[in-house]
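Pasting in a structure now, in structure tokens, and then I'll have a few things to ask.
Read from first to last, the chains carry the letters A, B, C, D and E; within each, the first residue is number 1.
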Amino acid sequence: MNILEVKGLEVIRNAMKVLTVEHLAVAEKETLALIGPNGAGKSTLLLVLSRLLKQQAGTILYRGQDVSTLGDLAYRRKIGLVLQDPLLLDGSVFDNVASGLCFRRVPKAEIHQRVDDWLEKLGIRHLRNRASRALSGGEAQRVSLARAFVLDPDLLLLDEPFTALDTPTRLRLLEDFRLLVRQSGVTVIFVTHDQNEALLLGDRIGVMMAGRLAQVDQPEIVFNAPASAEVAEFVGVETIIPARVIHQAEGMVIADTGTFQVEVVGDCRVGQDVYICIRPEDVTLLLDSDGSSSARNRLEGVIIRTTPQGPLERVVVDCGCPIVALITRASATQMKLQTGTRVRASFKASSVHLVGR
Amino acid sequence: TTAAPAATEPAAQPTPEATAIERTGPKEIILATTTSTRDSGLLDVLIPVFELQTGYTVKMIAVGTGQALKMGEEGNADVLLVHAPASEVTFMENGYGKDRYLVMHNDFVLVGPADDPAKIKGLTAIEAYKAIAAAKATFVSRGDDSGTHKAELAIWKKAGLEPKTEDGWYLSSGQGMGDTLRITTEKQGYTFTDRATYLALKDTLELEILVEGDATLLNIYHVITVNPEKYSAVLYDGGKAFADFMVLPDTQALIGEFGVDQYGSPLFFPDAGKDESELGL
Amino acid sequence: MEMIWQGITEAIRLLFSGDPEVMEITLLSLRISGLATMISLLIGMPSGTLLALGKFPTRKFWMSLVNTGMALPPVVVGLVVSIFLWRSGPLGSLRLMYTPTAIIIAQTIIAAPVVTGLTAAALQQLDPRLEQQLLGLGATRWQVIWALWREARLPLLAALMAGFGSVISEVGASMMVGGNLRHYTRVLTTAIVLENSKGEFAIALALSFILLLLAYLVNLLLTWVQQRKPQG
Amino acid sequence: MEMIWQGITEAIRLLFSGDPEVMEITLLSLRISGLATMISLLIGMPSGTLLALGKFPTRKFWMSLVNTGMALPPVVVGLVVSIFLWRSGPLGSLRLMYTPTAIIIAQTIIAAPVVTGLTAAALQQLDPRLEQQLLGLGATRWQVIWALWREARLPLLAALMAGFGSVISEVGASMMVGGNLRHYTRVLTTAIVLENSKGEFAIALALSFILLLLAYLVNLLLTWVQQRKPQG
Amino acid sequence: MNILEVKGLEVIRNAMKVLTVEHLAVAEKETLALIGPNGAGKSTLLLVLSRLLKQQAGTILYRGQDVSTLGDLAYRRKIGLVLQDPLLLDGSVFDNVASGLCFRRVPKAEIHQRVDDWLEKLGIRHLRNRASRALSGGEAQRVSLARAFVLDPDLLLLDEPFTALDTPTRLRLLEDFRLLVRQSGVTVIFVTHDQNEALLLGDRIGVMMAGRLAQVDQPEIVFNAPASAEVAEFVGVETIIPARVIHQAEGMVIADTGTFQVEVVGDCRVGQDVYICIRPEDVTLLLDSDGSSSARNRLEGVIIRTTPQGPLERVVVDCGCPIVALITRASATQMKLQTGTRVRASFKASSVHLVGR
């Protein structure tokens, strides 16, 4: 059953239509990650879902019931909300984390217990009696998280909840959070700019673009089979080349870019104009001298740029048009890749995705 | 502030219960009077005696004569103690008042700086006014339609003059006698005042009496009960009791003695039972 | 100059000799103005909150009306209240004229717009997203308001002080509707005017100092409350 | 009740007949109170800013003094200013008593603490990091203050209105130090008191309405300025 | 020459010593990245460096001159500052970006030109006349960045400047920013929680821990040869095993963990207690059946957990003690790695780092 269902939503802010959601359903116990460019309307969607911003059109159903008939308060008491800014109240850290429980008139002893529990989990127990105005950015964010988590809600709406946290804490928290979500069966909708987070936590990922949900799907599908060139670009498909389908047979398609031809697993009408989308991590680089590979597509080219990207190296190869590959630093060093090196970029027919244009 | 005898205090203590009774009970009357009678302290002496004798509580509201008469006209006061005979007559003629008794008088004086630039010392009031106008010496008028103001205007009229504030030397303070006297001191001008207020404030002023004792300078006080037929809310019995009290011989004696120990001479002269014509009007 | 020293000496003497009349006047002032301030708070804080947080079309109009009300002259209030409370007025039968109650009514009319206007200004200055965050935490309307009041307690206390200040110090209305009746409606300001018009400047000054002292003490008390709260 | 209608009718008549004396009194009120408010702004905004942003040890003490000053009774101010300006007083030789200047002085003493206190409260309510951000952008002290004033312009305008309101509406001080001299120091409030003591309630009410109208217009003007600024 | 030098700095906030920096020198045109856990004092350091917070002890030299003699204003006019929160002024986006230039009394025409230029670069040209109160989180952050960049300062102090930006924008901006920094020769000190950012932009990386600079060094050194176990843990060295040096010869050391022995390139006294630090991306996994490898260290174990991490897979192998490896998703799929699979974890002697304990 869907815990939340949105139909025909339209939101106008500042005399501009900033959000249009025809339909969105979030299942019980599901975690939906929202990603998208700045100003796409992600925060606006969370605000509307928590009834803090009234929509100009459309309905929101909570467990099948229209929230406007359910009553805002009753509905809000079922959700936990973390806004993009921590917005702490004047008072101690404890006061802040306890505030939602106080509003719900939870007995004092229980409040203490639950708050301390969460302060501990978020590693801010030592800040318990600190004034909320005297916290660092990350500390404030943790307080804001504790404040929502302590409520033990049915639905968590989180707006970039982990951004200000340091990396080890974030990784640990992501892990803990994933377990917690699985165990408690809470439904989560969260906004993130970190695609790893979306991949790790999201049962589904929603990509918002210019006020619309451009795609809502399983992470693998969003990342590997984006619905449009824009989505593809946004989710890190770095090689996007316009092409035309010239052959189609047995679930295999050949697309021609003008410079080279690419074999793709898929189903497209001959003559259709498409974009060829290839994720950089799906591109393997071989030195000219190297042996064979099982990949069907092999393009020769020259490296025009390499940039480090975490433990990986991002390599741009000019094969007529630029193709981007992401390879481990180890292979890059081993193969002595540098600008000017001639390489062959190879990728499987199954890791190429075509979107219409 | 401690002029009132201690014995009268219980009657006026604002205890909550007492307040509640007073507010609704008929034994509470409103006396509208002029600021001069209050500022001189006379009523602070008389009212406690009245309250003790009759059991009435008096709310003394000190306002301008104009406002006092207006309060009478609208039934917002039960009894008035005022000193503007001409206006009082109109008030009675219009049926707003029921009884009007002559209570007392004192006199008006012309005061001014010791160096007396217009040289009015010893002149009659009318001559003095003419001299002031001729010298364009600063003259401060009350300008507030009070009894004093009306008396001052009457003399100007008799002198055949009609000074205007636009002329520059004739100022209109629009305030009570005390403040007008103070302004006069500051401006080193002349003013027309009742003797009682002048004596009460003499120490803080730099003014001297220059003209006095003229028959035109009488300041006559009447007590007037408000006509209950116009407004049923008016407590005529209480008002009448106060009016009667004011003309009692004992009260009249008190008036006559008031101020003697402080100023060496009385501030008011009891007149109960006399005819107005006896006072030279 | 010398008069001011006399006034101070006299004030100290009056205070320490425990002059019963001065005590009575002081306590009455405190009681009347305190009550008027309380009632103004009861009226002004909710209305100010409504003006600041509410979303109704006539909000701006009401806001400018309240701001004008902050400049309501005590004499005008005194006059209008008198017209209502005089026997000839529509509420004359209540016999409230020239009672402490009348002063409280007039002072409330003076202080309520002050408290309302400053409450609204205080709340409007808060981050509007704070209200959202509170609602998001499951607060009821009342809990949101309460929390916002806590956040804005500094300017709200300033509003309270301004309200109290405007009534403890006004004289026009108290004089008109109270009548300055000895032992009954004579408060500090009206007593000062009286002593002044009697030429008793030293006593007037002494009463002035007592009045200022009173204001200062109330003020210290509120500042103390203000400083203490954050720990609570 | 009926009297109030009379008052309104009278007010309209006085306004539209362009009664020269009413015009004169109104303009004088506006000029005196406007000037006093200006001077109070010149004093109060810098001092309030200093109190809010400064970091000196006696800050709290000054703050509570200013808060007390907000409750400064006009009659007390009138009395003390009188004592200084009387011929017998230390400044007697300036011959300022019973002149418009005297009223301006007294009203400034009344309004300056109001403006100071509300300015300080307004600035204290801002995010303290805003000051840091401005300094970080290379603003001079003055530029920081200017920018913070812009940020807090809503409550600052409220402070301005409160300051103007407190002087246009006060009567005690104007009466005492101005003397209510016709054509010279008679302002709206003192004129109201005079007409009231004459029992001319309708005219008193009419003048009251004019006074309120004035306050409302000034207020509308300021609200308009306030609404306009963000586009600038 | 050092543009900035800090000596004996001590900062007390809230009656706690939150910052102690014995010495820190930042060279002209250098980019220093500050990383560290929440509450470590990074923001505090930036505040002190921009003279917005007064230190309790220590001196700050700007181009060899004590900033307290230089004058705060003159000094601040040389820097551009982005605080952790955007803190925009009431007004339009343009007003905000122009504010610093207005403070400097730059001619109007020039202001317009420079502001528009930066609005364009940050992709917020369309928001030029928008009220600053009506921006999304990322939009506000971009305004805050433009506001500092437009000043063209000698020294940029940036506190988590890119956090709220969406991924493609952030990547593009990082690239642009890197070029800009190189071209303009501006010195940059920036705080980040994204170690990639630190790696990409930082000439050196400073690791702050509990109010101290635990290590300041080239990125490779910080990441591969952390100064302590805490730093190691913080910079993503996931395998940290206590051991004792049992042999040392020819720049090679053998450390014994009790369960197994590890060969390390390095120089340590025999008998010394150390931690063995291995970065996950330096660990290769081989199936039991696989052939040889050049790596000296090979440990057998069983996979106890695999988690996706972006395009990579994080694999924890129990070899007596857990060893963490980061391998491409492609290899993981190819090798059919899953919980319970027996594998050999192998790593080069040169990619192991020892820190004392």
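FYI, a contact is a pair of C-beta atoms (placed from the backbone, for glycine too) under 8 Å apart; a residue touches a chain by one contact, two chains touch by 3 or more.
For clarity, every value in this text was computed on a predicted model and none was experimentally measured.
Here the chain-to-chain distance from chain C to chain E, counted in touching steps, is 2.
Looking at the partners of chain D and chain E together, they share no chain. For the pair chain A and chain C, there is no chain touching both partners. The busiest chain interface, judged by C-beta pairs in contact, is C-D. With respect to chain A, maximal separation of chain centres occurs for B (centres as means of Cα atoms).
In summary, the pair chain C and chain D forms a contact in which both copies contribute largely the same residue numbers, shared numbers making up over half of all those used. Distance from chain E peaks, on a Cα-centroid basis, for B.
Rounded to whole angstrom units, the spacing between the C-alpha centres of chain B and chain D is 36. With each centre defined as the average position of its C-alpha atoms, the distance from chain C to chain D rounds to 18 Å.
Separation between the centroids of chain A and chain B, computed from CA atoms only, is 90 Å. Residues of chain B in contact with at least two other chains: 71, 176, 179.
Counting only residues that touch two or more partner chains, chain D has 176, 193, 196, 201. Residue positions of chain A touching 2 or more other chains: 85, 131. Pairs of chains meeting the touch criterion: A-C, A-E, B-C, B-D, C-D, D-E.
Residue ranges of chain C in contact with chain A, taken from their complex: 127, 129-130, 132-140, 143, 147, 150-151, 230. Only residues 86-87, 97-98, 175-176, 179-184, 186, 190-191, 193-194, 196-201 of chain D touch chain B when the two sit together in their complex.
The touching residues of chain C, counted against chain D in their complex, run 1, 3-4, 60, 63-65, 67-68, 70-76, 79-80, 83-84, 89-90, 114, 117-118, 121-122, 124-125, 152, 154-155, 158, 161-162, 164-166, 168-172, 176, 188-189, 192-193, 196, 201, 204-205, 208, 211-212, 215-216, 219-220, 222-223.
Every residue of chain E that touches chain D in the complex is listed here, in rising order: 47, 50-52, 72-73, 76-77, 79, 81, 83, 85, 87, 89-91, 99-100, 103-104, 131, 147-148, 151.
The touching residues of chain B, when paired with chain C in their complex, are 1-2, 4, 9, 12-14, 19, 23-24, 30, 35, 39, 44, 59-62, 71, 74-76, 176, 178-179, 200-201, 203-204, 231, 233-234.
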